[in-house]
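Letters A, B and C name the chains as they come in the text, with residue numbers starting at 1 for each one.
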Amino acid sequence: MPLLSSTKQQFFQIAKAGCIVVTLGFAFAGNALAQRTIAEQFIQDMKDGKVSEAGAEDHVVQELIIKRSIPITYKYINNLMSTPNAFGPGVACTVCHNSNDPSKSYRGLDLSTCKGMIEGTTEKPKHTIFTPGKDPKRDHLIRRLRNNRMPLGMGFENSTFTPNHMLVKQWIADGAKNDDNFKKNVLPLFSTANAFGPNAPACTACHMSNQEPPSFHELNLTTYEGIMLGADSVAKGVDKATKVIIPGKPELSFVWQHLAEDRMPPGISPSEARDHPNTTILSAWIKQGAKCD
Amino acid sequence: MPLLSSTKQQFFQIAKAGCIVVTLGFAFAGNALAQRTIAEQFIQDMKDGKVSEAGAEDHVVQELIIKRSIPITYKYINNLMSTPNAFGPGVACTVCHNSNDPSKSYRGLDLSTCKGMIEGTTEKPKHTIFTPGKDPKRDHLIRRLRNNRMPLGMGFENSTFTPNHMLVKQWIADGAKNDDNFKKNVLPLFSTANAFGPNAPACTACHMSNQEPPSFHELNLTTYEGIMLGADSVAKGVDKATKVIIPGKPELSFVWQHLAEDRMPPGISPSEARDHPNTTILSAWIKQGAKCD
Amino acid sequence: MPLLSSTKQQFFQIAKAGCIVVTLGFAFAGNALAQRTIAEQFIQDMKDGKVSEAGAEDHVVQELIIKRSIPITYKYINNLMSTPNAFGPGVACTVCHNSNDPSKSYRGLDLSTCKGMIEGTTEKPKHTIFTPGKDPKRDHLIRRLRNNRMPLGMGFENSTFTPNHMLVKQWIADGAKNDDNFKKNVLPLFSTANAFGPNAPACTACHMSNQEPPSFHELNLTTYEGIMLGADSVAKGVDKATKVIIPGKPELSFVWQHLAEDRMPPGISPSEARDHPNTTILSAWIKQGAKCD
């Protein structure tokens, strides 16, 4: 390579030469001439500045694995299910969920086989825990790994069957109306400390208006209108706000899910990252079709 | 559900209704009408307030797994043996213990198979490391995972064959008598810093009376009577105090075990929790019979 | 054992007696009378004071596994490749490297099988990642686990194809001469902040002389002579200093490797220990011949 008078010119020359070399390399790599390898695509994306900056581990998974559609193998998913600390500190999923016999395994959920994962719980009410090929973010498996039980700090040992829990559940089941029962019995619970367990702040300590900060998720649990409006109404717009109450269906209502469902593995601290890289990989496997081979 | 005049009454009504619904659910769940599923039993225990409060991870294992006798599979035990960091930071057990050939594997101990785990060490003196169906707390496998070598901070690189170690061992082997040898040669070792390794406090710095605090385990190593009385004599009563010396049998004497046995995995800090959830699960598998299928 | 008048004499007597007992034990242990077991050798080394003192986890691996040539099984290596956090926080190697098809797996590198590990990358330029039986410290597999990308803090998302990177690479490829191009275009890059990425100190902030401290690895990147002299010229002597530039071969030059290669698993912090116990074990398996059975 000849020296050029201008350093800047040289930069471009050398950079271009580098590109040519690499591009020629592309032509011979892999079996198909036309198909880029994953590494080639990543290198090109780096050059084009399409790889976004961030330091966190989950971001790495996004950039290297998710964006480039690396096929996730069931073998790795099987490892995740049976390895301690796979999704943050805690025992492996398969300790409690390793058989479809509900007298041996919680919910009759068998996470030790691909078939069992796809089948879901066998204890009534039977339900799947994800749908192959679909985004599983709101489905049982992923939300149990990501969603902290509310109020923050409530451990699994605190009942989710208290009268106050039942009041909220029944109100949603009955249609989530702005009636006397709601005003007198339900709404006050959200602004009362210890309403859903000991040593707990009121829900409204964190969810008190549509402004974030200070209100997490722009969620306002102080009024009927705020509750029915839902979360992130400023960020997404009022029409696209995330509904947290589905009238008649407590199981689908985020308010109820968060009051009733413990995050897994049991005992994990709410301060552990919700977007664990392995949770992201598990989601990717599901989106890719939850293939068993 | 009709609104009632009193909120309190309503609590009970709704709670009761909730219970009825769940109870009806019970009748149809599982194959056997009479047998409760694990999940059902746990829910009932939560309602009955039988689930005790605590935050730590091992407590979760107690409540969810041990109390409800979740059957532990050998497959998970095999994972624990072959996975790094399974019992706290450190390499996997099977790195050093993966064959019954003592020229390849420490003690000829094969932790990579169920048969090998049950057989124990093959190097003489051969011994099992637990008894299937029995509480393994004092047996080799579990005590090597739980018991810190004393004095705290002594790493595996500090010999357990020093003259002072031998003096204690021989004294126990000879019957642990309150004789001149004991008074002149053995007893003083417990109150001497660095007696069993460099930069070590005296044993009596932590075990100096029957009062806890300040004396750990209510153990008094300052007198013959204190040593022979044993640990936890206040908490359990003098008759049920835990003997720390078994005359004639140093290998069964806790004093000798703690002086001579390094905690595994090698290099683990004594500050790591002794009741690791996976140690609890390993113990449960043994108590359940150490089944290989 | 009779009591002796002198405590010191007794020490030796008892210690000797202890040794005799143990030595007799040796004679019967194992299949071959002549061959010591690993445990026996370790005990003897402890007695002889040949076990060196240190507290760190990797030291334990050195003393217990490496020095005594414990045979590492492929089964454990396979676990390491497929287990999250095996070499520090991060996803498992096999998530991205699990097939020899470069359209599915980065570099067409299959770390999920022993054959794939030995074959190395299948994407052109094909290359092995270690040589069975040889010290792998400088080879791809181990150096990607140990070497931090420079400047410290540069994440994988920062291009290694910037014009400045290309200038260094091309200068080495062209023979690493002390010519005008070097003086005007290359040398200044080493003393310029942000030359190889955003928010980065200059190379010479850490490598500015042959004195350590303050200059890491006694490496001086401020002059042509310093660069060509290499690292650790004081500790090893000028003749044995570690060359960091191999004229004509950027891929073999440590300067280029450190500028261009990200440490694995991706996202791992440079502050994580480079000598992870499992990296040491992986190296030992390679040195032992990378046996697949």
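We adopt the following convention: a residue touches a chain if its C-beta (ideal position, glycine included) is under 8 Å from a C-beta of that chain, and two chains touch if they have at least 3 such contacts.
The shown structure was predicted, so the numbers you read here are calculated from the model rather than taken from an experiment.
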{"item": "Between subunit A and its twin subunit C, rotation from the CA superposition, multiple of 5 degrees", "value": "120"}
{"item": "Homomeric contact subunit B-subunit C: same or different residue positions, threshold half", "value": "different"}
{"item": "Distance between the centres, which are taken as Cα means, of subunit C and subunit B, whole angstrom", "value": "36"}
{"item": "Numbers and ranges of subunit A residues touching at least 2 other chains", "value": "83, 85"}
{"item": "List of subunit C residues in touch with subunit B within their complex", "value": "1, 3, 7, 10-12, 14-15, 17-19, 22, 25, 28-32, 35-39, 42-43, 46-47, 49, 51-57, 59-61, 63-65, 70-73, 75-76, 79-80, 83, 85-86, 277-278, 281"}
{"item": "Residues of subunit C touching subunit A in the complex", "value": "82-85, 89-92, 94-96, 98, 101-108, 112, 123-125, 155-164, 166-167, 169-170, 174, 180-181, 184-185, 198, 266-267"}
